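Every chain is named by a letter (A, B, C and D) in the order it is written, and numbering of its residues begins at 1.
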């Protein structure tokens, strides 16, 4: 409780270019990249590296102040492609994004509101580095909540015998927004393989257990039955292999013998919202690099 | 991601009577209380005891199924007073509440929305054991958000030279709702002593530091300057002694050298919402017994 | 860094009788037990209850100051059996132990020293409520360390073709000490069913993962391959079902992409020692009640 | 519990050169350093950067495989000084260390054994990247424990009227070992300013509270009196300003109303050992860069 205002705490995020890159590791890559950045006057504000001994792969993420570079992001991309990436080798995977370009997320929901309210609240206070473009629900339960936040809600029913068609409808809506993230915010429906493929690296799920424990349905019931002393949640990229995609973030909370399944469900919501919001934030800030079944998270 | 619905997870809270009691410790108190409960047929669903060696005080909280007791809460209160409390002694402090009686909370806010949205979201999904009767803000920033959740918003400006009058206005509004909890949800104004007194044991504050570290203004700036490796939040009862009231709940998260004040402010919000919502829940469920400067929390 | 001595911090544990009890739940059990304790003058210092809605079972643990009860533990046992347990019903399981009676633990080890040193250090400073009577190793690696702490070390080799005989030898040594706890402190050998049976409720294992994730061999390798963001450890009672016994305690620590398997192994040691020492302490203080596949831990 | 051996988990630490550097931030520093490393063939295994917006200072830590660099550490130092550091500017502070050169730590203790046993155990299993050269105690309580680990113990009494002379004796012993770390492992004596100065950046203390809460004597008593819900420990560099040196690491554990001071002391030991051992490890691995009152920890 203080009498000071906190407006000074709301730093306007700086305009930055964000470079992420992965390639087979060898001597001189850091020098090549940082030499290029120095050459174009890039003032580095964040730089992270990871050299993976197991796979022999190198990863980096660097941010430079946009104003320090006397060119637009397109020109910088062309020059980086020609002067650096080409030289590092054909296996190189890289992206250069502009923090000033607005990003967008579409949320898929069912009946549980906690992740939805949490993300809408973050977007409302300008904390999420993206706009929530739309919410799609297989039930109407969350329609009113969504529209109160001035976000469009699309209802796509999922009849037991018409899931394929329903997913086609969802896909059409989602793709209409060309979102940077498709967030399964307790969606409770399993994405078909073609959508896992189409949205690879962009579709995030929150699973309500500490994976790989309690894959599949009713994880809190499974946790209760096993008598674990911690319950958790996992944010991961969606792949065709159920609950087995690359993990972005996980966390747990303590439970004990006095907690019923309903208590676990309630407490679990808090971990789910925290884990999903952190994972989504890192994804949108280009902090997550996927390699095989695993992620490198430069948080 | 599962295809199972979770409606079964939404347990309807059972109708219960909740007894809390504190008194000087001596042999036989538990027997006296449990003897009474057994006599009236009370089926105990939760029972917690604490014997405080330092102060020689005894504390208990017990819940019984309302349907197991063949009487209303008023009759049970009269009988407990006559048959148990009187016998235990005059220093005994006790309450018997009915979980079926609706509880109410009034929130005092300023410009920061995170605790407000979090609590409104919990109330909306039926997770908070109380209705949010009203929100009072010293600015209009959060009016629209509040009214979207169909909760009345009262704007009471706090001019530098008119704080006493403003607090009178706040008090009149609050007292009109006779709330079970007055929640300073990042209110940023210091309650005057007469309101601390009037709302003793009902006014909860969330302080954005791990008290007793960083009392007062701008705690994240203080934390940044000191270079701590964890930041925290504290939910406490408001007393006339600034940030020194009995602590209900605290928690922390890890930060490091790369976190700016703005990063700490952002991450701190998540801890503030968690700590405040847990503290408020425990308060509303009569889980918090205050004794001197400290609390017993039967969580 | 302070100039004050801390000898005042070393409280001599009070002489207490510890009652634990489990039985089918019904009205009046608490009253019956506390009535008995009051009758014999028992000053209750700790009391915990749990009513399990799922199984309909009731659990309690209570401690009374030995000096407040004007009888020895044997007499108190006889009276409790006749006056309380008999009345509560034949399914009642209960124990009454004397905190003044010395307890004993035998540790089974292999080559990893961290849990051994941790437990010997705790025993040395009087923190563990038991004596470490002996250490049995299937290798001689930890013999010197053990004997430096004046604890006898028994070497029992486990040749690939002679494990049954080796376990017979281990059992004979263990049973010679009639220990209150048989601790598999990273023993790396699977107990045969007859020993699981013989030591049921007394044999504790530390598994180096957050069960039920990563059952079996090389859990840190499994965790590394899956790319989890937290690693953990689990202390559980040993049963014939590998790594599936009732869980006593679990905890986790954060890892990231930069952690190799060796880093996980190193960091995991700290969690293993913490989790095992907490679990063992609770077991020795009669805080753990087993019911089916789960535990009630009155910590 | 597994039957697999874990010898494969014990990775032999690779021979590396570790560069740490701090200087005023400007464009091109990363390029200059990485250019140099590439030029001499340096295979970078770890690289971390931090650009501090508040102080305008730049920090980096990089490790290269010693075998990839075709020169000794002395030659590399000379070349780096001439070709890089000189160019970056006169305010540059840097070190280049050889992970193959053995490091040494001296521990100062009093009567509490937990940090001592923990560190001796880590050194014994080869986990600590240093030898414990000696232990100095102001009491003889820990002499036997120390010598059992084959580490020399020096007893220096601290009479109330002769502390200055005692510190002279301690300093002489310590300096005889030229240690890389002087660890106050619950030493309970306040270092005089001239030793803080002499050992600046090498003397580490573990304080048994979450600083800046509960500075000074008897922090667990202070924590108990305040009724905090978490207790902690802080590892920091020792400076002349009591308990106010740059913080390296902190952590906390949950306590509640049932915990006495003695319980807090006991649980606090576990946090103290964890925090001190992590802080010391990072210090010895040159992961901690001090700047003003704060640290950059490349953990």
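Keep in mind that, in the parts below, contacts are C-beta pairs under 8 Å (C-beta built on N, C-alpha and C of every residue); 3 or more make two chains touch, one makes a residue touch a chain.
What you see is a predicted model, and the numbers here were worked out from it, not measured in a lab.
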Same-site or different-site touching of chain A by its copy chain C, using the half cut: same
Greatest separation from chain C - chain, by CA centre: A
Computed distance of Cα centres, chain D from chain A, in Å: 36
Between chain B and chain D, centroid-to-centroid distance (C-alpha), Å: 41
Residues of chain D engaged with two or more neighbouring chains: 46, 53, 258, 260
Pairwise touch network: line, ring, star, complete, or other: complete
Chain C to chain D touching residues, read off their complex: 1-7, 9-11, 46, 111-114, 117-118, 121, 124-125, 127, 145, 148-149, 184, 187-191, 205, 207, 216-220, 238, 242-243, 258, 260-262, 265-266, 269-270, 274, 277
Contacting residues of chain D [partner chain B, same complex]: 50, 52-54, 59, 210-214, 224-230, 232, 246-252, 256-258, 260, 293-297, 299
Parts of chain D lying in touch with chain A, wherever the complex brings them together: 27-28, 30-32, 34-35, 37-39, 41-49, 51, 53, 68
